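Structures given as structure tokens follow.
Paired with chain B in one complex and with chain C in the other, chain A is shared by the two complexes that follow.
After this line comes the complex of A and B, so read on.
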């Protein structure tokens, strides 16, 4: 057919080989992890890749391990494997929960840890929880490896700090959070993405509240969270932090809710998340 | 490219474009018309197939990602599978369009949770949509299949 050239399929067997191909082709090769987001974009006609770089053959990229006190999730581990992992459920139950409420079992059987971060879709569940747990994205490239906090990895809608020669290889979640919760507020059907999501965790003695699905990137306000150390009592504290989040966030409007609606939901859901957290 | 597939137990290498979803290949190359495209974005579940026993949207699965994996469609269940029998007994369909996806998803649910609660059934099947709105009967069918022995009189409302 005129104008239709063959699409090239690349399936490296090692990380080294994958990084070589990534360095050679950069954005001219579309990286394929589970392929759910990619499939949606392709079926909708938003993306027509000329070259596909699949990571499925790269060994050991899908493992889940504990290292020292922390959790290491391989980039190719699927959502379902994370949510059902005994290690994750035991040590990081809120994280297992955040992965378990994504879409349907079908999507979770395909979608991966690395994919959900690299896609940087504002309405995905796991990034907010990972950011609240102070997780780091480990990326590998021609220049070696670097670790990026999840909160700095996702920059804006579908935009990350991943360089053209880099691949996400794993996500490292620090030692068991003392307490953590994830609340997903849906405005439509049960398998939908969140209208507002709130992840709250006590990590290393400090409170981290991260609101997802309301803006281009997960929303975290350290100054508001620092109120937890101000000696305020709990019901009042939850109200005040929730009020500050609702004021600070500039929500988007989409089919799941207007900006005005979202701002009100943020105030309620942040308060509820903190109430849940203090009840843990 | 040639993609080696295992479809309903049969090993076949098919010619497919690397950017082609498994859905089209199953329909075109294998005549498996129980795998249906509706939304094309992984929401509706009409294209559900089992890949290594787990439900997946065939509309979102690039064909080369299915290489070497065990693909099961409802055609292979033969019509007498307990979940299929339960769907018939409960009359859990009107047009039948969503039924293959429902059956495959329910099959996997019952392997994971042999005695699911109504809430667990609803959550697990939440990603399979029925435009006829037969959800009450579908949930009933899954409960029947779970019970395995299911005399007709125990089906309420019939």
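After this line comes the complex of A and C, so read on.
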């Protein structure tokens, strides 16, 4: 609503056109995917872009495909489409679940895979799950394409390794995740964002536990996860890994819980996630 | 029959348009307390009308109970969000852009945010406290000049010292309740037009006549020169009471010589009116057998930067805080206190939720200490027909014991009390008050009801039309009810405190009787006398009492403190029911708001700025937050009076939930009941249990890595780092840091 009259609206029809515009304007054009995050920022006046680069019209950015053993999610695929996709539910049920617990259906019908990664909001659900599945973000720019692991793509609060001339085009999730869980711990409303989220998966024979919503980026500690390979037995193992995560994470404080509280919950929820994982 | 709300035919306040009208936006202070040293609007283009403090300095002060507001802040701003300037342009976007062109310089002043602190000491928000002549200032106001206390209400009943002297058991606790936002679907909207020296305002308002009075005072014109029309509101819950945007819209319209409309953005709702955060200190004494002997209550209602109806809220909080019990010795001091927060005012229940929370939690503390069943303790002391309340008035048509028993039965209290809690409440209705109504007959057999009762989704029009149809002996379709218009309808105090169906219903009976005598037009009026002595609390607090109860059953995750409400039941005394579906919806709606208050609703602040002024960071109850079983009942009485039901089922909900936790040894004093506060309370409980058993006892398994450090700290609401982090993140991301820095502070306050 606010100041819309002054905003220039760019609506490319192809990826090439979109990348040209991105290269031309860089940060002078704010990229819009689903607009659920940007809408709030603009309505509250935190962001007043002069130019919006809308990706809605770009063809073929919203597909969901299987390639070899892996899953390829188009950047413009909505949360709702991912959550309801038979392919995703069948091969990556925990991922479908992580997308299904975001906000409300109204939001999920708009919010996109690329958007949630590029926004790098610490309190979003999908990034932790994607990181646990060792997913990679494919970005395209004037220099061509490159792949970045999700865990390295998000650097800090609202900060990514995306360059000014680049756009997220897809996300690649390797292999079928036989064992994977996503636990969203909400401290307030059922439609709230997580206070603590835990994604755990067995990928390539190894354990990957990623904790979301507690710091500027998803939290992954390979050394703690490596304990799973030392032949120890659960439930000892789950306790030990959970304890190590709780010690290693420096949580933030916000309206959903203090740092002290989050640390307590991390210890509980990581343990529960591992219990869920090994129960499956 | 298609409902005009569903078909989109209904014209809400924000839909009203006049030819040639301008759209206004408000420039607000980013500082909670600051001297205005300069306002420069010279850069605003000529096609935009701009209103600066200088333009309105000669206009009158207003305020429904205390005269403390000016149309725009004059020498200083008193909260982050205080209107400093306003603009009107042909489109809202054009107006929005013009706001950026106004420069304001501030000298910051020390600010105070906590009510108890502001009452004791702290910088003065207002240097002088003047009383209002508005009808809403209907009771004896006791401002404490030279302090931030704008009203002090007292009850002195019996002898408090000797009362506690007789007590075998005494409990004492301090409670805190957070502020809440009404969050109606439709934001505030007002449209003003001048015709000569007459002012017309279309505004979503529950208080047409109070608003007329204040506007006449501001412009120094007779009340008859001001016409207020109230289209239906898309929700209000108390938010749309008294003067909000009307004065700014009227000033802009006068300067522009064109009609001017203001519709607030969602975030501005948090800067316009919230519910009073409150601190309450309760001390309660009883005999060994559970007979209550003395109660002492101190309340501090945080009314924010302007009093609004805060004095009334504090008074109601005070007079209802003893609860529906026979207590021979009662001492109450209740204060409405200025702070540098946005104004707080009427919110479904008007101080009732806050005092019921404190009062009913204390009953369970006492029951625990007496090792008594909380139901038995309540029933032993409950007010019965013919009993005298601590204000001296005699209670009639009393149903507290029955309501309480029904609540207890719904959760099978007699089987076990584990995870279950109860609450019972008495709530006053606006007293004194006056309602009048006219009924006109037309030749074609139709009738028109002329009535100031405002429709905000509560179904008042439907209830009044149904009553009229029954009295007139016609189909309800034959009874019209146009929008309240102060030029056309007779006087009414206001549409608040669940009084309309009760008061207007009685006035309507007289009007129809009068119509039968006179043929064309009948007029009816009801006046309820009463009121309390502000220094002793003696008199008539309420001409008619609302009675409600609730029971809750909870399940707690001991490791995280997260809990769920399995069952919630609220019986209320309804007397004679007029519109059953409407009455049921009022109960359900009240309970749902009560769940929000209990579980998570909280207006958060960072250095006086609201940090969660959006519906993403501020949680309102969603379908998934509802108890597994949510039920209620209307307890009816034959030949009984009509009882208003708009608010009764809200206040009992949070204490019932708090008491359910208490049954598990989880002692919560603050609202909302966050998972974190529950975990802290579990830690305290386990510590005490460990201490009271063998010292070698193992640590409870629920203890996590953080150990017990700081478990005793008082829980304070953490404010939104999400917002702080967002701003920092955006600054980092933006290459135009300088521009963003200029932008963010102002927008933060918007």
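We take it that the second predicted complex is superposed on the first by the 275 of 280 C-alpha atoms of A that agree within 3 Å, B and C clash if a C-alpha of one lies under 4 Å from a C-alpha of the other, contacts with A are read in each partner's own complex, and residues count from 1 in each chain.
Simple rule for what comes next: contacts are C-beta pairs under 8 Å (C-beta built on N, C-alpha and C of every residue); 3 or more make two chains touch, one makes a residue touch a chain.
Just so we're clear, the structure is a prediction, and the values are computed from it rather than from any experiment.
Asks: Going by the touch definition up top, name the partner, chain B or chain C, that contacts more of chain A.
Replies: When the residues of chain A touched by each partner are counted, C comes out ahead.
Asks: Of the two partner chains, chain B (first) and chain C (second), which one does A:190 touch, if any: first, second, both, or neither?
Replies: A:190 sits against chain B and chain C alike.
Asks: Applying the document's definition of touch, where does A:247 land relative to chain B and chain C: first, second, both, or neither?
Replies: Touch status of A:247: second partner only.
Asks: Could you look at A:104 and tell me whether it touches chain B, chain C, both or neither (first, second, both, neither)?
Replies: After superposing on A, A:104 lies in contact with both chain B and chain C.
Asks: Look at A:46 in the shared chain and tell me whether it touches chain B only, chain C only, both, or neither; answer first, second, both or neither.
Replies: A:46: touches chain C, not chain B.
Asks: Would you check which partner chain A:54 touches, where first means chain B only, second means chain C only, and both and neither mean what they say?
Replies: A:54: touches chain B, not chain C.
Asks: Mind working out whether A:263 is in touch with chain B, chain C, both or neither, as first, second, both or neither?
Replies: second
Asks: Taking the superposition as given, does A:208 touch the first partner, chain B, the second, chain C, both, or neither?
Replies: neither
Asks: Would you please give the residues of chain A that touch chain B in one complex and also touch chain C in the other complex?
Replies: Correct list for chain A: 6, 40, 43-44, 48, 104, 189-191.
Asks: Within their complex, state which residues of chain B touch chain A.
Replies: Spelled out, the residues of chain B in touch with chain A are 1, 17-19, 21, 40-43, 45, 48, 51, 54-57, 59-62, 64-65, 105, 108, 122-124, 126-128.
Asks: Flag every residue of chain A that touches chain B in the complex, lowest number first.
Replies: 6-9, 11, 32, 35-36, 38-40, 42-44, 48-49, 52, 54, 56, 80, 103-107, 109-110, 189-191
Asks: Going by the contact rule at the top, pick out the chain C residues touching chain A in the complex.
Replies: Interface residues on the chain C side: 91-94, 96-97, 265-267, 559-560, 562, 599-600, 602, 604, 611-614, 616-617, 619-625, 674-676, 679, 704-706, 709-710, 717-722, 725-730, 732-735, 743-744, 747, 750.
Asks: With touch defined as at the start, can you tell me which chain A residues reach chain C in the complex?
Replies: By the definition above, chain A touches chain C via 1-6, 27, 40-41, 43-48, 104, 120, 122-123, 156-159, 185-193, 195, 216, 243, 246-247, 252-258, 260-261, 263-265, 267-269.
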